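A, B, C and D are the chain letters, set down in written order, and residue numbers restart from 1 in every chain.
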Amino acid sequence: MNGASLRACVLAAADALEASRDELCRLDAVAGDGDHGVTMALAARAVRQKLEESPGASGADLLALVALGVGSVGGAIGPLYATALLRAATALRGLGTSEGDPTVGEIRACAEAGAAAITGLGHARPGDKTIVDAVAPAVQALADAEATGAGVPEALEAAIAAARAGAESTTGMIATLGRASRLGERGRGSADPGAASFVVALEAAVRTYLGPVGAEPAGA
Amino acid sequence: MATSGQAGGRYKKLINDPFAVVDEALEGFASAHADLVRLAAPRVVVRRTPAPDKVGFVVGGGSGHEPAFAGYVGLGMADAAACGNVFASPPPDVVLEAIRAASSGRGVVTGYGNYAGDVLNFSLAVELAAAEGIEVREIRVSDDVASAPRNEAEKRRGIAGDIIVFKCVGAAAERGDPLDEVERIARKANAATRSMGVALSACEVPGSGRLTFELPADEIEIGMGVHGEPGIRRGPLEPADEVARALVQTIVADIEGGVAGRPIALLVNGLGATAYLDQYIVYRAARRLLEAAGATVARSYVGEFITSLEMSGASVTVTVLDEELTALLDAPARTPRMVVW
Amino acid sequence: MATSGQAGGRYKKLINDPFAVVDEALEGFASAHADLVRLAAPRVVVRRTPAPDKVGFVVGGGSGHEPAFAGYVGLGMADAAACGNVFASPPPDVVLEAIRAASSGRGVVTGYGNYAGDVLNFSLAVELAAAEGIEVREIRVSDDVASAPRNEAEKRRGIAGDIIVFKCVGAAAERGDPLDEVERIARKANAATRSMGVALSACEVPGSGRLTFELPADEIEIGMGVHGEPGIRRGPLEPADEVARALVQTIVADIEGGVAGRPIALLVNGLGATAYLDQYIVYRAARRLLEAAGATVARSYVGEFITSLEMSGASVTVTVLDEELTALLDAPARTPRMVVW
Amino acid sequence: MNGASLRACVLAAADALEASRDELCRLDAVAGDGDHGVTMALAARAVRQKLEESPGASGADLLALVALGVGSVGGAIGPLYATALLRAATALRGLGTSEGDPTVGEIRACAEAGAAAITGLGHARPGDKTIVDAVAPAVQALADAEATGAGVPEALEAAIAAARAGAESTTGMIATLGRASRLGERGRGSADPGAASFVVALEAAVRTYLGPVGAEPAGA
């Protein structure tokens, strides 16, 4: 994977999260404490600052910086992202492919490590109405793409679609973990904010990586 | 339908940059109370004069609940507070910094409300501290009877009961109790404490551009938490006596053996915008009900102990007392927002 | 245009009968703080243990300003508080009862905010007390620089400066100063103290069915008093730093000789619904401005000292200190709502 | 003056003040603290209770009870009414006419004593935008009626009209005393609440005293 490109992807995700602030707060206000958009906007700021402080960082080092940035906002979401990104960075480091473009299998491996960190730390399972409901399908889509020999753009597009479908499916769920978990039936009818913000970040990052639709990957 | 909120469904605030509220307020706080506390790191408030040889006590949680948590740093209560963003747990490195500052070699107890974010961040910090050789015990305050049934009491969130627990733990640590003892007190105080609240209107997280929830003009939310997490039911705005009855009945029903013939501490907490007049009217009603149930109200606390920004509402907390807890509540404390003398 | 107010332009309150709020709240107050105070008569709060031989100190005024005034009855502050209806001075017989309770034969000082109603009722009570042989001196706190120009300073109303004056007077009386001395301290503390406030939203007098004023959704009232009396101008809602600048500049310009090189006490008072976060942000801004003007902020007080029910807003108070006033501010106090130790 | 009738007049004034609560609060909210309707309603309650406690009181004694009731509400208005009513009671007592119906001159004398008490205590002059702007013209109207030899009904109607005109004239005034006095120009355009409530009370009392329009005085 190309470092400059990863940086651009991260910054695009940060921009997209900031642009979604109001919508994410709205979702969190339904059943939570209404701050998720602010928290992700603060995360975007913190990440941008970390990247500015280390203009040369790339690859796994850059991912680790992003982890620190997101982690610095605390809350429920901070440590989940931080641990996931640190594990993904470790996986990336293990692959030793930071110079070239990653394969679908490499992307899948990193994503899997990150997803495992989230469930390992937060103990949420699919159906609990959390970020896991968007993350798990995305990882599964990458695995499916890998199995069918799809190319990177196709695999990433499938991951976005799966994450989005997963986030949308949370609308019908009842939360059982976190702040929203005492709402019961009343929380149904609105998507989980953490799942929604994951889709926002993923889509912005992937779109930047792939470049204008139909073009070659940005980092190629 | 009219929605709650100061104006146009929103609140007017005396702030500058909505993303800088926590750091600006902490700068003000630390300079206003410089005789008692100082900022050891950007979000870490510690005693001006550290206690040299005792079990350390670290409290913390999201901001927006002032005077919790930094307001309780000082003699007889906490050694350090880790402060997060508004309604967001502080991250592990901030908690770790607070633990380090509170550690004088005899171990540290951390006390915080039982919320997913706080559990995640504090647990990570405790692991990091252990790696540095600091033994840390965690006490997750879980007094809110509205947040989970009694058979899942460990899932309950922490609200105004924090203050009762923190006071007892702080006093135990201050008098030199060893780590095991302080942890025992913490668990005992938490087990003896139950709360339930009601919200009349929402608040607004700075920068969110919206209220944390919408409540019709003539409704209240019974059992709501200190972040605007939904409660157990919505109902019409009733007289204070009826609201107090709903809270006290649920609390008393949750206390094994009831309150008859037992001394209790009664705490009424204002969420932010509720007038003292109203708080004392709720206190009066709660006290009458508890006395009618046979309890002896031995200690009373009325005021804003843990708020939700400018939310309107109040909670009632009952702690079943014994001599040990009573003595700890009465022990001297000198902190920016709680002075017992 | 959206109007201020919690919901539908009105506030939801945790009360029962709107005409019984004062008596119900006082019942709650007296039972919650029974270790420190008791109700000597329906609207008269006195120390649980009267001080035997000192100048008596009576404070009072309308209710709805809690913790003022009953919250300041206790060791080192007032001997008795006379409580009126919401935003209405207590009548002469209530004040007289408070004076009697505070009198131990060495004379009594009454302290209250300078409002037409309070002046009328307290003056009548003082006359009645004189007829009973109790010598009473009156101090009308008049710290609000927004309420009258400097050449009519005696017309100014009393707001949060009350607390500074009451603390100094209470400490002087407690240490045994004779009547003339206590009166001198009272006048000196009042003369050294200036305040100015800002309101962001209104409050609702129980039973009135309406807000005390209407403020557009994006405007604030600079110089507003603690009952919603209009201030000196309305303006757009500005950042806290700008609001603080407007208050501090007016205050400093009113202090003869300015604040450069002088020690001051800085008090930020929340009106009721303003979050502590906001109060500390205002404190930070005010402190920076005062330090930039050359003052040394020697003592600080942040919190709700005199409120306006659930009004949103804050005031800044500056007292130019000398050793005498500083020592009186630092003297011990143990009251329901102010503890200095 | 007939005791039962005075009692009825007072109770009518109390009812009228309670019925005007909202309007009086609205007037006080313009420039004051918005409580005047509540204060007068509390005064009405207190007066009613005093009268119930002393069912036999009449004449000057009854006026003194009313003074205590109104005075018990404190505020600016309580002591003004209390002192005025006490002085009026003293004047009434001095007349020694508590058995028969008062003459215009006797009513004028009592009213004058009350009005003097208000200005003596509160130091307000006509034009200061206070209750004085309604009270002073009413007393003047009584004096004029006395000078022209008018009957009691005519004199009392003239007093009401003068009080109402006086209260209405406060709309154009700027307050210089009391809570509203710092408002300056902004207070203009709204009547003084204390003047307005005086008209409400006066009108209700007089109408009860005079009975249905055209009828003989109720106490006759």
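For the reader, a short list of remarks on this structure follows.
As a convention for this text, a residue touches a chain if its C-beta (ideal position, glycine included) is under 8 Å from a C-beta of that chain, and two chains touch if they have at least 3 such contacts.
None of the values given here were measured: they were computed from a predicted structure.
Common neighbours of chain A and chain D: there are none.
Centre-to-centre separation between chain A and chain B, using Cα means, comes to 33 Å. We define each chain's centre as the mean of its Cα atoms; on that basis chain B and chain D are separated by 53 Å. For chain C, the set of residues that touch two or more other chains comprises 86. Annotation for chain D: no residues touch 2 or more other chains. Viewed as a contact network, the protein chains form an open path, each link joining two chains that touch. Interfaces, counted as pairs of touching chains, are A-B, B-C, C-D. Interface of chain C with chain D (complex): residues 18-19, 62, 84-94, 115-117, 120-121, 124, 146-148, 155, 157, 204-214, 225, 227-232.
Only residues 21-22, 25-26, 29, 31-35, 37-39, 41-42, 45, 71-80, 82-83, 121-122, 177-183, 186-187 of chain A touch chain B when the two sit together in their complex.
Per the touch definition, chain B reaches chain C in the complex via residues 2-16, 21-22, 24-29, 31-34, 63-64, 66-67, 71, 86, 198, 200-201, 203, 215-218, 220, 237, 239-241, 243, 272-285, 287, 297, 300-304, 307, 309-310, 312-314, 332, 334, 337, 339-341.
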